[in-house]
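Below are two complexes that have subunit A in common, paired first with subunit B and then with subunit C.
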Partner chain A sequence: MNAIGMLTNLLFFPAGLFVLVTGLAYEWVDRKLVARFQNRLGPRWFQPLADMVKLLSKEEVIPEGLDVRLFVALPVVALAGALTAALYVPLVGLNPAHSFPGDLIVTLYLLSLLTMCIGLAGANTRDRFSLIGATRTLTQLFSYEAPFLLALLGPAIVVGSWQIREVTAYANQHWLILTQPVGFVIALIGLMGKLELPPFDAPEAETEIVAGALTEYSGRGLALFRLGKGVELVIGLTLVAAFFLGGVANPVAFFIKTLALLLIIAGLQSLFARLRIDQAVGLWWRYGALLALVQLLVLIILRFWGWNGGL
Partner chain B sequence: MSINLEKTFQDALEQVKTWARTNSPWLIHFNSGSCNGCDIEILATLTPRYDLERFGVKLQGSPRHADILICTGPVTRQARERLLRVYEQMPEPKYVVAVGSCAISGGVFQGCYNVIGHIDQVIPVDAYVPGCPPRPEAIIDGVIKLLKSLEAQEQTA
Partner chain C sequence: MQKNDQADKFIIPIGPQHPALKEPGHFEFTVDGEIVTGATIRLGYVHRGIEKATESRTWVQNLYLLERVCGICSHIHATAYCLGVERLAGLSVPPRAQAIRELVVELERIHSHMLWLGVAAHEAGFDTLFMYSWRDRETVMDILEGLTGNRVHYSANILGGVKIDVDAEQTKTILQGVDFLEKRTHHYLDVVTTDSAFVQRTAGIAVMSKAVAEHFGAVGPTARASGVTQDIRIDAPYLAYEDFPVEIVLDTAGDLKARFVVRVQELFQSYQVIRAILDKLPAGELAVTMPRRIKENETISRVEAPRGELFYYLKSNGTDKPERIKIRTPSICNFGTVPALAAGHQLADMPMILAGIDPCFSCNDRMVTIHRPADDSQTWTWEMLRQYGISYYREKER
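On to the complex of A and B.
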C-alpha cells in the first residue's frame, strides 16, 4: 500500500502528471495574459500542449564536438529536479507529500538545478551563442539566487523552522506580506529572474544571441527544458503564495492566489523592456540583496525581543 | 488482431503528431539576397495587429527550434552556403515557404552576375507566396495553406 502511495506521489500527484499539466496550463495563462496586455487575441488554450507534442515528435539533432552523454542527460536531470521539488511544496493546498526538517533549503536548491542544467547545457556545446547564453544564465543565477533565498528565509526566521510544512501552517494564519512586504516583492521578482521572463530574459535574448544556452537543443531536449520551466513556474508561485499571501489552505485559495501572482508577473513582463545583464546584476545586488538583508536583520532583532512575527 | 491493434495505435499516433505539427508551427526567417521589402512585410505579419500567435506561430531565433523556414529573395552566390547550412541545421520534419517574386523566380534579379536563381534551385520548397512584396495577409494565407496540405497528406497516407 505504501509503495503504491509513493508511486502515485511520483507519477501522478503531486509530482508527475499533475504538476506537468498545471505547468502547461499556467504557461498558457501567462502567454494569454501577455497577449491581452498587448491588445491581441493570444494563443488557444491547447497551445503549450501542441508545442510540447510537436517538439517531442521532432528529430533531435546532436551536434558535433560535445559530450553526448551530458547533452542527452541534462534535460532529464533538469526536469527531474523540478519534479522532485514538487514533492516538498503544498500544491493545491494539500500538505506536502514529503517533509523533513530543512526541506525549504533542499527545495530551493532543487529549483536552481534547472538553471544550472541550462547553463551546463550551453557550456557543453561549441556554439558561441550557447556559450554567451550559458555565461549570462549563470551570471544571472548568481545574482538573483542570494536575494531570492534571503527573501524566502524571512518567513522561516519568523516561524523558527526550516520545514515548509511548519512555515505554511504558520503562514495560513498570518498574511506575511503585511509584515514583510520587501521580502514578497523580492521573492516575486526573483522568481521572474529564475524563469528568465522579461525583463530578465537577457540569457535567452533572441535578438542578440539566437536562443541563448538552448540554441543547439531541438526536439526532446528542448521539450523537457520547457516542461521543467513550466513546473518551476507552478512551484515558485506556490511557494510565494504559501509564504506571503496568507497560505494556500484549500484548492480555491491555491488557484486564486497563484493566478493573482501570475497576473502580476504577466503585467510586469509586458511593462518592462529587457534589462542588460549588468543592469540585472546591479539591480539584484545593489537593491535586492541589500533590502532583503536589512529586512532579515530587522526580523531577527525583533524576534530577539520576543515579537511573534504577526501583526 | 494484434497487428490491427498496432496499426490503429500507429494511426492514432500519426494523427496526434499531425495535429501538433499543424497547430504549432515555429518559423525562422532567412533573407538570401532580398531587397528587404519582403522582410519588412514578414515583420509586419508578426506584429500584434495580425497576431499569428493565435495559430500557434512563433518566430524562433535558432534553426534548431524551427519547423518552417521562411525564405525571401533570390539566392546570391554568397548566400547559397548559408541558406543550405540553415536548412540542414533544422530538425526533421521541416518545411520551406518561399515569399515574394524573387524567391519564386529570381524576379528582377534574374540573370544577375551574382545571383544563382530562385530558392527551389537550392533547397526543396513546399509553398510559394507571390507578390512584390506580398501583403501580410498573403503570407498568413500561404503558411495556413501549407499546414492544410500537411493535414491532407496525412489523410491520404
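On to the complex of A and C.
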C-alpha cells in the first residue's frame, strides 16, 4: 500500500476523522435514547460535538504533585489506541484497512488500552476521588476483561482463525447468535462494562466519587478521553455485530445492526440501579466468566468432533 | 503520591460542594479500601440567623420569614408557627381553615416524599426512577400551584386562619390528581420492593434497630422504619387530624428498604386523608381576626413535618414582636444516626445511607452548644461569645 493510502487510512477513513465523527454521532444516539427511556427530552444532535469544542477550547488545569508528562500523554495514548483499533475492524461493512493473522487479539488489547490509561490517569493524581476511581476502574477491568475476551474468541474458535477478516467472512454467512447466544450476551454486556455505562458505572459514580479517575481532568485531556470512549463504542458495536449478528456486509446492514445493538444497550442502561463494585465483580466472575468458559469448552469439543460451527 | 499526615487513614471528603449533595454539608468517611470505618459530620454551612431575625419582626412578618426556613416543607413551618401563635393569643381557628391547612400539609407531604424518592434513587444510580418520580411529582406541584398560587412557598396560612378556599372545580382537579398519583405510587411500591437490582442496594443496608433509633432520638419516617411508634399526627393530633385521622405506617426491618417502604406507604395515607377532607370539608369562616399584640406568655407547638417531628417554642412579651422563637427541625435529630450506621458499609452505600434519613440541609441552620464556659451557664453574653471565638481560633492555629 502506498504512503498516501496509508495516510488516508490513518487520518480520514476508517481511523481518524470518520470514526471520531461516528463516535460522536453514536454517543448522541445513546444519550438521546436513554433520555427518551427516562421520559426526558435529551440533547440536540450536535450536543456531543459542542461538548468537544467547549472542552478543547478550555484551559487545561494540571494539578500539583503528579507526573506532568504522564498526565498529558495518557489521554493521547488512550485515543491513539482506540483509533488504531479502528484500522482492524470492518467499519461500515468494508474490509478492514489492515489485516494480519492474530489481529483480533491485538484489537482487543488496543481496546483495553483506553481503560488502562484511565486507571493510570487516576492513579497518577493525588486526588482521593481519582484514586478510588482508579482502583475501581482497574478492578472492573480485571472482572469483565476475561469473559469479554472469551466471548469474542468463540467465533474465532469456530472459524479456526485469529484474523478478524476471516472471522467476519465466515460470520457473514452464519448468524452466530443462534449457536453462541451466551457469547453474544456476554460480549454486549462486557462492552457496557468496558465503557463504564450504567449499571457498571461504579468507577465514575458521581454521587460517591465525583468523576472517578478523571476527576482532575479538564479541557483537552478530558475531551480526548471522551472521544476515545466514543470511538471504542463504535468499534465494540461493530465487532459484536460482525461476529454474532450475521456480519456487516454492507453499510446499510452495518448501521441497522450497530444501532439495534445501541438500542439494547440504552435500554439496559435505563433499567438498572448502579451495581456496587463488589456486586459487579461478583456478577462477572460468578456468572460471566463461568458461562463464557463453558461455552468456549463446548465449542472446542464440538469442533474437535468435526462440527463446522453453523446450524 | 505523597504520604499525608495521617498515613494510616484514607479519608474521603464529601461536601460542602459535591455532586451527591445539592445543599452544603461536610462528611468525612474514613475508608479501608472500599469499606468505611468511620464517619464525621459537620453541619451549619447555611446558618442564616433566622431565629434571631424573628425577634426584630412583628408576629405577622415572622410568618413569611419562618415559611422560608425550608423550601420543601415550607407550609408545615408556617403551620407550626401559626398554631403556636394562635394558642398564645387564645384564638380559636374555624374548622374549615384547619381542614384546609391539613389538606395543604398532606399535599406537601406527597411532594416531599416523591422528591425524596427521586433523590434517593439518583444516589443509587437509578436515574430512571428519579426521572419518573419527579415527572409524577409535577402533578402535586400543579395542584398546589392551582390551590395557592405558588409552587414552593404556598403562603396558605395567615395568623387566625387561611387565605385560600377550595371550590368545587379545584376539588375535582385535586381528586383527579390524587387518583393518578395513587396509581403511580402502587407502581413505585412495586419497584422499591421487587426490583432485584435496586433491592440488592437497599435490603439489609444500614440496619437501625429500634433501640438505636430511640438512642439517637430519630424522628419521623426514619424512626418509624425502625419500628418506633411515633407520629405527632396520631400522638398529639393538631389541625383537623382528630376528624380526619391517618394511620401510622410502621416497618420493623430498620434497613434502607424499610425506609423506602414506609415513605411510599405514607403516600397512601396522605391520599386517603385528602379524599376524606375534600369529602367532608366543614363549612364556615376561613379566618378570625388576630390581635396585634400578645401578652407575656410562652408555649410550644409540635407538628409532624414530612421528615419527622417539628418543634416550635414561642415566647411573647406583650408587644407585637416575639421575645424568643426556638425551632427544632427533624433533620438535625436524624443526622446523628448517619455516623453510627456508616461504619462497616461500602463507600458506595454512603450516599444512600445519607439520603435514607431524607436530610434537609436548610433544616440544619441551628446552633448547638457543645462547649460551655467554666460556670456551665446556659446563657452566654456577647462578651463571653467573643472571648470564646478568639480563644477557639487561637487554639486552632496552634
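In this text, the second predicted complex is superposed on the first by the 310 of 311 C-alpha atoms of A that agree within 3 Å, B and C clash if a C-alpha of one lies under 4 Å from a C-alpha of the other, contacts with A are read in each partner's own complex, and residues count from 1 in each chain.
As a working rule, a contact is a pair of C-beta atoms (placed from the backbone, for glycine too) under 8 Å apart; a residue touches a chain by one contact, two chains touch by 3 or more.
Here the structure is a predicted model, which means the values were calculated and not measured.
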Partner chain(s) touched by A:T215 [first = subunit B, second = subunit C, both, neither]: first
First, second, both or neither for A:E206, with subunit B first and subunit C second: both
Subunit B versus subunit C as contact partner of A:E166, first or second or both or neither: neither
Which superposed partner A:S57 touches (first subunit B, second subunit C, both, neither): first
Contacts of A:Q38 with subunit B and subunit C, given as first, second, both or neither: both
Contacts of A:S270 with subunit B and subunit C, given as first, second, both or neither: second
Partner chain in contact with A:R126 - subunit B first, subunit C second, else both or neither: second
Contacts on subunit A seen with subunit B and repeated with subunit C across the two complexes: 38-40, 129, 206-207, 210
List of subunit B residues in touch with subunit A within their complex: 16-17, 19-21, 23-24, 48-49, 51, 53-54, 56, 59-62, 64-65, 67, 89, 91-93
Complex interface listing, subunit A residues touching subunit C: 37-40, 65, 126, 128-129, 131-132, 135, 198-199, 201-202, 205-210, 270-279
Subunit B-touching residues of subunit A, taken from the complex the two chains share: 31, 35, 38-44, 46-47, 50-54, 57-61, 129, 206-207, 210-211, 214-219, 222
Residue ranges of subunit C touching subunit A (in the complex, touch as defined): 1-2, 10-14, 18-20, 31, 33-34, 121-129, 131-132, 135, 195, 197-198, 200-201, 346-351
